[in-house]
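Both complexes shown next keep chain A, but they swap its partner, so chain B is in the first and chain C is in the second.
On to the complex of A and B.
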């Protein structure tokens, strides 16, 4: 199903979507764009390149409660927080971020142990993807093409949107998407010419150049394994690294978390909170031993995990080339430059 | 400036090569190429062959004093510093985290340094309003004179016009956006505690989740841990991925300290940090 709407009528579309479920979409904030739950249809703003934090936070929030309790009360009174399964519409997701959900599914639902919180939200969600502008050059941080992701890949989305001048063309990709699209009134039918434009954009997206040439995941996997004990290489690569957590928190495929009990004024929650392999205490053991005390060990772990161990274990690089880590790094470390250096080493 | 960024880069390379070849230092902390021109990176030259990697341009914002505490005590190091960065070196010497005789300070008088994210010139707003390093062994360019010098506290006017409730509301709103990536503390040359109080869990000082109680605990404590120590380089604010104006609080505390104790942080290695020093003539205003 192919439909279209004028960009200036975007709020009619988002308002209709709000009638179908909780709408989460890009919103302009002080420091840039982020995906937020929409309370006013006019908040949605598609004039963004990419968001600060990836939309993984929609399915895997930075803080998630599992159990709520009161201190001093019997254990039996503690309440379990049930997974949410209310309909959710995730609007305006870039193709590289859509791809990241498939990688995250590996960890949260596809390898035996199923995370009910992730899965409930994922199943209840309808994804509406949005192509990058293939007429404008990619931002210098991005390298999704290197990882085989097009700037306008509709795969993984339920509905995919492409902008044509002042119009937004919407095409259903899955049955779920078709059902949602069919239920929205006020959308105009799209012409055959719009359909051709959509297909041309998808094709152009596949040839869309981000800054690196294509890579061989197997070769990288092997090379990083070979380099593991080359301390000189990793020390040099991590000389500038501050060992903060920006890269991991902004990353769409970083999934590590910590389980904490947090209590305030007698009310407590057992919750998970994002953690980062770049933090010193990430690997601190109860004995006091810490296997990764040095910055280079932590950076090696981060890069090795994404580009080597993950490929060895699950057959896919755990990175979608969105460029957020590079964009936000306070000292300008570029993850893929390190991989390139490794290949030369 | 009398010299260009390019000339500064050449002089940095010359001095770095000389220091490394003579064995006077075992490493030089400077800036190197990043993934593009707008993103130079902190860079460590450990031998003459690394020297060609050094760059200097208008986007060299980073305060390299932050890396001094990473190397074992006694390591002979050269460090390239701009004005604010030199104050961090001085403050670290005052706090005995590095020894003066282990350092060769390459001072760079400079203005017009830009934040790569916003393109904004950082001289007045988030640096200490100085153009010349306060301490150096080798001057990399001629001292800057005749540039307009504004008070580092001038940007506080709007903030100080707020009453107590408005200030609390302001900080609550700003700090609620914090994602607890700790880039601010990691970029800070004066944040060297291991472990940081917020990472401790016995006792636990603050919550780990990015919500109001933990965010206030983390930031307000950090602001106060830097009282009389913050040298106003602005690295915390530039490192922040969500642009929280942390520098405002630091400047406010720095201003209060300077008014009470007559001493700004990191100006002289003869000074003692105000909050660890007792003098009979010290102000009692803090108790009021």
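On to the complex of A and C.
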């Protein structure tokens, strides 16, 4: 199904989507764009390149409660916060970020134990992807072409959107997407010419230039295994690293979390919160032993995880080339350059 | 209907506390499940672990010290942490009394590979407090329904002093049995100690278990493992036939939180049991 709407009527579309479930979409904020739950259809703003923080927080919130308890009360009275799958529409996600969900699904719901919170939210969500502007250059930090991701890949979205001048073309990709699109009144039918434009954009997205280096998953896995003991390489790569963890928080595929208890005024919460392998106490054991006390060991872990361990475990590189880690790194550490150097090593 | 949410602990009650060592910082806790369906669901084998959960303190991953052949309870031997890192959960547990209630998540991880061990001679080597899941394994193998499934069983267990040996009554009972060879050693004895003195690696060399159709299961402090492994190589044990259990800091225990990886393996869900051959494939990041 192919539909379109004029950009100046975007709020009609977003208003209709709000009637179908919780709408999460890009919103302009002081520091830039971020995905937020929409309370006013006019908040949605598609004049963005990409968001500061990845949309992973929609399915894997920075903080989420598991259990609420009261001190001094019997254990059985604790309240469990069970996973909730209320209908949700995630609108305006760039193709590299759409790809990140597929990578996270393998970890959270398709392999080994199922994370019920991730799974419930994912199943209840309809994903509306949005092509990058293939007529404009990529941002300098981006390198999704290196990971085989196009600027306008519709795969993984339920509905995919392409901008054509003052219009927005929407195409359903899955049955779920078609059902949603069919239920929205007021959208115009798209012409055969719009359909051709959509297909041409997808094709142009495949050839779209971002930073590129030849990274074969098997080859980089082996290279990083061989480089593990090359302390000189990792010390150089991590020389300026502050261990601040911003790369992991901004990353769409970093999934490490902590489970911690907080008690305040007799009421307590056990919750999970994002954590980062860049922190020194991440691996600190109760005995005092810590296998990763040095910064280079932690940066090696982060890059090894994404480009080697994850490939060995799940068959895919755990990076989509969105460039957020590089963009937000206070000291300019660039994962792309490290991977490029590793391939040469 | 009880939750099958893997992050939610099951309520258990402490039914017995045993002070294991003369320094009083290692205690064994027996728990009974408060809900019958939780107990039915908690099907485990030796070598697995569980998260002990105390609201307001947190969770701590601990190896299961009891054996599934001991129905009615599940037991853990817990050292009070805190010498270097504040051990919130273990300290709170040590301060509890019989009748106290905590939460339990599990069983977690892979057990000792029982089928692989069947029909083989088993050499169990333990040092200090790391003996807990080995105690589970030995108890399991010695059970009347299981003993014939295994060949000769040899246990070599050491501690720094006689007072630091765990499970003293059981060790004494094993020593009296003819279907298990039990060798207990301490680094340094005292005036009442009539047993062996000597470090575990030296005792292993002295006992010299045959590698023929045999598997060595070794758990202990890193220094003991470091000096014990060469002894077993010299005796002719292959790396596939030496098993151990790894520790890493853990949170979720189910392979999701990303914390306990060594290379591409998560110790919680891919281990904690590994053969030496498997460990040699992994980076030295533990």
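As a working rule, the second predicted complex is superposed on the first by the 343 of 345 C-alpha atoms of A that agree within 3 Å, B and C clash if a C-alpha of one lies under 4 Å from a C-alpha of the other, contacts with A are read in each partner's own complex, and residues count from 1 in each chain.
Operating definition for what follows: a contact is a pair of C-beta atoms (placed from the backbone, for glycine too) under 8 Å apart; a residue touches a chain by one contact, two chains touch by 3 or more.
All values reported here derive from a predicted model rather than from experimental measurement.
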Fit or clash - chain C, chain B, common chain A: fit
First, second, both or neither for A:231, with chain B first and chain C second: neither
Chain B, chain C and vertex chain A (Cα centres) - angle in steps of 10°: 90
First (chain B), second (chain C), both or neither touched by A:258: both
In the superposition, chain B vs chain C on chain A residues touched: C
Partner chain(s) touched by A:80 [first = chain B, second = chain C, both, neither]: second
Which of chain B and chain C A:191 touches, first, second, both or neither: neither
Touched partner set for A:213, first chain B, second chain C, both or neither: neither
Touching partner for A:11 - first (chain B), second (chain C), both, neither: neither
Partner chain in contact with A:334 - chain B first, chain C second, else both or neither: first
Lowest inter-chain C-alpha distance for chain C and chain B in the superposed arrangement, angstrom: 5
Where chain A meets both chain C and chain B, residue numbers: 258, 260
Interface residues, chain A side, partner chain C - complex: 66-67, 69, 71, 74-76, 78, 80, 82-83, 107-108, 112-116, 225, 228, 254-261, 263, 268, 270, 272, 275, 277, 282-288, 291-292, 297, 301, 304-305, 308-313
Chain A partner contacts - residues on chain C that touch it in the complex: 3, 5-8, 11, 34, 55-60, 81, 83-85, 87, 90, 101-103, 247-249, 251-252, 254-259, 261, 263-265, 269, 283, 285-286
Residues of chain A defined as touching chain B within the complex: 29-32, 52-53, 62-63, 140-141, 236, 239-240, 242-246, 248-250, 258, 260, 262, 264, 271, 273, 276, 279-281, 295, 326, 328, 330-334, 337
Chain A-touching residues of chain B, taken from the complex the two chains share: 34-36, 39-44, 62, 66-67, 70, 116, 177, 179-183, 185-187, 194-195, 199, 207-211, 213-214, 235, 238-239, 241-243
